[in-house]
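Look for chain A in each of the two complexes below; its partner is chain B in the first and chain C in the second.
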Partner chain A sequence: MQMTLTQTLVMALIQIVAVLAFIFVVVPMLTFAERKVIGYVQVRLGATRIAGGRKGLTGAVNKIMWWMGHFPVISFFRGLPTFMADGIKLVTKEDIMPAKADKFVFWLAPILCMVPAFAVFAAITFYPGVLGVFPTWVPIVGGLPVDGYITDINVGLLYILGLASVGVYGIVLGAWASNSKYPLLGGLRSAAQVISYEVPLTLSLLAPVILTGSLNFKTMSVELATGMSPWAILPLFIGFFAYITCGFAETNRVPFDLAEAESELVSGFHTEYTGMKFGWFFLSEYTNMIVVSALASAFFLGGHYFLPFGFQQFVPASWGWFAQPHLIFFLLKVFFLLFVFLWVRATLPRYRYDQLMSVGWKYFIPLTLVNLFIAGLVRFMA
Partner chain B sequence: MSILSTLFPYDIYKGLKLTGRYFGRNFFSANRKKVRANLKHITVEYPEVPVHLAPRFRGRLQMLRDEQGEIKCICCLACERICPTQVITIEKDKKEGRKLPFPKRYTFEMERCIFCEFCVEACAYDSIILNHQFELAAYNREDFSHGTEGVFQNMFKPTPVGTFSVSADDDGNAPHY
Partner chain C sequence: MFKNEELEINLGPQHPSTHGVLRVKLRLDGETVRHCYPVIGYLHRGVEKICENKTFFQGQVWTDRMDYVAAVSNNLGWAEAIEKLMGISVPRRAKYIRTLLTELNRISSHLLWLGTHAMDIGAMTVFLYAFREREEILDVFESFCGARLTTTAFRIGGLRDDVPPGFEAKVQAFLDRFLPCIDEYEDLLTENRIWKKRTIGVAPISAEECLAMGVTGPVLRAAGVPYDIRKAFPYAAYDEMQFEVPTRMEADTYARYLVRLEEMRQSHRIVQQCLDGMPEGAVMAKLPKILKSEVAEVYHPIEAPKGELGYYLVGEKGGLNPYRFHVRGPSFVNLQALPKMTEGKLLADVIAAIGTLDVVLGEVDR
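Right after this comes the complex of A and B.
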């Protein structure tokens, strides 16, 4: 059935709202999970209560949370109001701008950081097919199928990589516009770091491109999971570790968070940012984490299928549910990789700057080039 | 060697294994039903759960009574004499039916006390202890004066301010919750 223009627009709008809701639910939950995961790693409990006395509203909330602690799974979600408190604090905090800051660029930088991080989701396929059909009584879009992706661009990967590298402009411009020495140093570090890690990141993503001969996100994720020769497991395996490491560097996460090395640079590029302007930087960093996890799970961990690294081809059709692609597999892989981000943060100390650069240029670029060669061989043999 | 250790980061693997083990242990113990022996984390959820204090914890000075309810103190003034900050003042008196002297007044000025436990060590009759009360903050200066009678805080009971700290028994074990 051919959709009219209105129907297409409304359908896209519905999908965009759903994806935005997904981001705005996952990001605060991620900050909460970060407190809890790092707490458990350090033999603590993480957030279990909110500030306040034993009386009044906070007291009642704290009593409820103490009571929640007696039940097995619910116990993990004690302290959940902390993320609401975080949000309220960010939104209501005073917005301070340094007197000698470049006003326009200072405003522009968080937007430049955030918009690409969100826009990338347009090309990400959450499910390669139809998620469901609207019932016929729904106005405008009744009876129409809902796809598991917003758009199906032919050069989806190119679009994602192009937009993702725009994000660093936000960091550098914000650092420069602050007109202060620590943000500037942090921003320059971040620029150098992201530029050097962009190369192995793209090279590691080129292996799947060579293996599938496509830049379309949906085609690539489905092909990589099911249609590869058994030899393709090797380049995918190496590529996964190279990609996830470069992804850590791209998103400025520990152990590569030199852009905000708080022991040296106060807090790096967002030192002068307060309130919701800082909040956008924060949000974009966590959204970028979701993007990196989504790409890694789609291209290397089997995407919407059950088994990672192309092992899905050995799954017989008799496995039924496990032989089919599902949204839940993709989301589980994304959440696992997000957990890995927190896990690594709780484990590894920050790299020294020259170590970071040498790892990037001396090891990862040769490694990903070799990986690319292996992928080319596999493609040539097949 | 360096290139090998970079390509196969065994140290990172070891670190992740260690933190992963700690995460799993604490995650699965903390989010089960609470049985004190099964909990692996070190966080004390303080107001709700009493604090686990060491047996030798030195809290506030407290006077003891014997089985008959008589004050054990016999006013030998050993504690008053040894006290480095002179926070103890004892006034001797005689009492009907009691052979040994009786403290008519025993005051303890906690604002200057350094909790050194010399008084308890000097006491030959085990009539005073430093109990396990640690919530000693108060709003008024008078609330730091403790005594046996009158307007003073009672020396025989915990301070009413510390509602959550009468926690550990004499062996230092926190009560089961």
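Right after this comes the complex of A and C.
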């Protein structure tokens, strides 16, 4: 059935809202999870209450949370309102701009950081197929199928990589526009870091591209999970570790969080940012984590299928549910990788600037090049 | 068109990793440190001058507030310096209890160093693990003298009170679970590749330079000089204790890390010996109601967790307070090494160097 223009637009809008809702739910939950996971690693409770007095709304919420502490499993979720409190705080904080800041760029930088982080979701396939059909009584889009992706463009991966690399401009420009020394150092570090890690990151993603001969997100994720020769497991395996490490560097997370190295540069490029401007930087960092996790799980961890690294091909069709793609598999893999981000943060120290560079250029670029060669061989043999 | 300009940056006095109010003026060429100049004095209270106007008993309270993470060993130095000045001999039991508490304090000071140093380098979990054990030591102090940080633990001539009931069991309980805890820190750091990269060869300072600048403590021992006042000029009950002085030859941040971890193990050994061989008897010497000094001059060094802590006292005839009081603070002297350690290195190494020197600004500024 051919959709009319209105129907296409409305359908796309619905999907966009759904994806945005997904991001805006996952990111705050991720901050909550960060407190909790790191809290548990560090033998403490993590968030258990929110700031505020004994009276009023915060007092009531805190009382409820105190009461929740009496029950074994429920007590774990005591700090849940923190993410709402965080959001309210970010939005309502006073917005301070340094007197000598470049006003326009200072304002532009968080947007430059955030928009690409959100826009890449357009090309990410959450489920390779139809998620469901609208009931016929729904106006305009009634009876139409809902795809598990917003768009299915042929150069999906190129689009994602291109947009993701715009994000660093936000960091560099924000650092420069602050007209302050610590942010400047953070911004320069970030520029050097992102440029040197963009190369191995892209190279590690080229292995799946060679293996499948496609840049289309959906085709790639399905092909990589099911249609590979057993030899492809090796380049996918190496590629995964190279990619996820470079992904840590791309998102400025520990152990590569040099741009905001707290103990060195106070808080790096966003030292001078307050309120929601800081909030956008914050949001884009966490959104980028989701993007990296989504790409890693789609291309290397078998995406929407059950087993990672192309092992899915050994799953017989008789396994039924496990032999089919499911949204839940994809989301579970994404959440697992997000957990890895937090786990690593609680475990590892930070690299030094020059060591980061040498790790990138001396180890990751050769490694990913070799991996690319292996992928080429596998493709050639097949 | 290409102008090469050095960036002058103030690290501190309000900065997450200058451990208090240290201000370091840096001139950076990109990330490389061209010039490093520590600016101190933000926490100056004039402890030495104040102590000259307080009686010998009152002065001890001020020693708590110098190296506030190692108050017990500051107290020990003060008490022993005055005992030396007056010629008072302390009962053996008091000496043992003093040694025990001082070694516990060394462990707690090293734990604080380990936690903050690791946190500066980015490993945030060690901090909380180290503080978990430090908490127990502070509980021991609390049970002994009521205070946790500024203990004023000792009195001139011995101790105010004997240990409370259940004290030995509490210390023993801590000792029983502490050694595996050190292994836990080592699991997180010692073989961690990033930790090794960040510390091996970082902030080196040779034994000659250490001796020239008077740097002591773990920094000197990590450069291969086995100078430990507990062995060289034994005080308290250290002459009766069996322990080793750990040294390393590498003289870098990693070596200092290993030396301090080993020191914690040795302190554990000393505390165990104190506990096992605790003699019976009184804990306070017979003293006159009012202490009056003779004309005398003493310098009494002790091995504080950070290095040689020396108390220099001059007494006048019939004086109720010291005529002259001077402290040779290890943090202050060791901080001199910072420019030597960091010039020509990278910005991140400055943070590692401040951490590895283990300075406490209360003692630097006094």
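One rule holds for everything that comes next: the second predicted complex is superposed on the first by the 370 of 382 C-alpha atoms of A that agree within 3 Å, B and C clash if a C-alpha of one lies under 4 Å from a C-alpha of the other, contacts with A are read in each partner's own complex, and residues count from 1 in each chain.
To be clear about the criterion, a contact is a pair of C-beta atoms (placed from the backbone, for glycine too) under 8 Å apart; a residue touches a chain by one contact, two chains touch by 3 or more.
This one's a predicted model, so the numbers in the text were calculated from it and none came from an experiment.
By the touch criterion stated above, A:43 is placed in contact with chain B and with chain C alike. When the shared chain is aligned, no partner comes close enough to touch A:154: not chain B, not chain C. By the touch criterion defined above, A:353 reaches chain C but does not reach chain B.
Of the two partner chains placed by the overlay, neither chain B nor chain C lies in contact with A:8. Of the two partner chains, chain B is the only one that A:344 touches; chain C does not reach it. Once the two complexes are laid over each other on the shared chain, residue contacts for A:229 go to neither chain B nor chain C.
Overlaid on A, the two complexes show chain B and chain C touching the same residues of chain A, namely 41-44, 346-348.
Of all residues in chain C, those touching chain A in their complex are 7, 9, 15-17, 28, 30-31, 118-125, 127-129, 132, 188-189, 192, 194-195, 197-198, 346-349, 351. Partner chain C is touched in their complex by these residues of chain A: 38, 41-44, 181-182, 184-185, 188-189, 254-255, 257, 261-264, 266, 345-355.
Against chain B, the residues of chain A that register as touching in their complex are 37, 39-45, 48, 54, 66, 69-73, 75-76, 343-344, 346-348, 359, 363, 367.
Of all residues in chain B, those touching chain A in their complex are 3, 6-7, 12, 15-16, 18-20, 22-23, 26-27, 30-34, 40-43, 45, 47-48.
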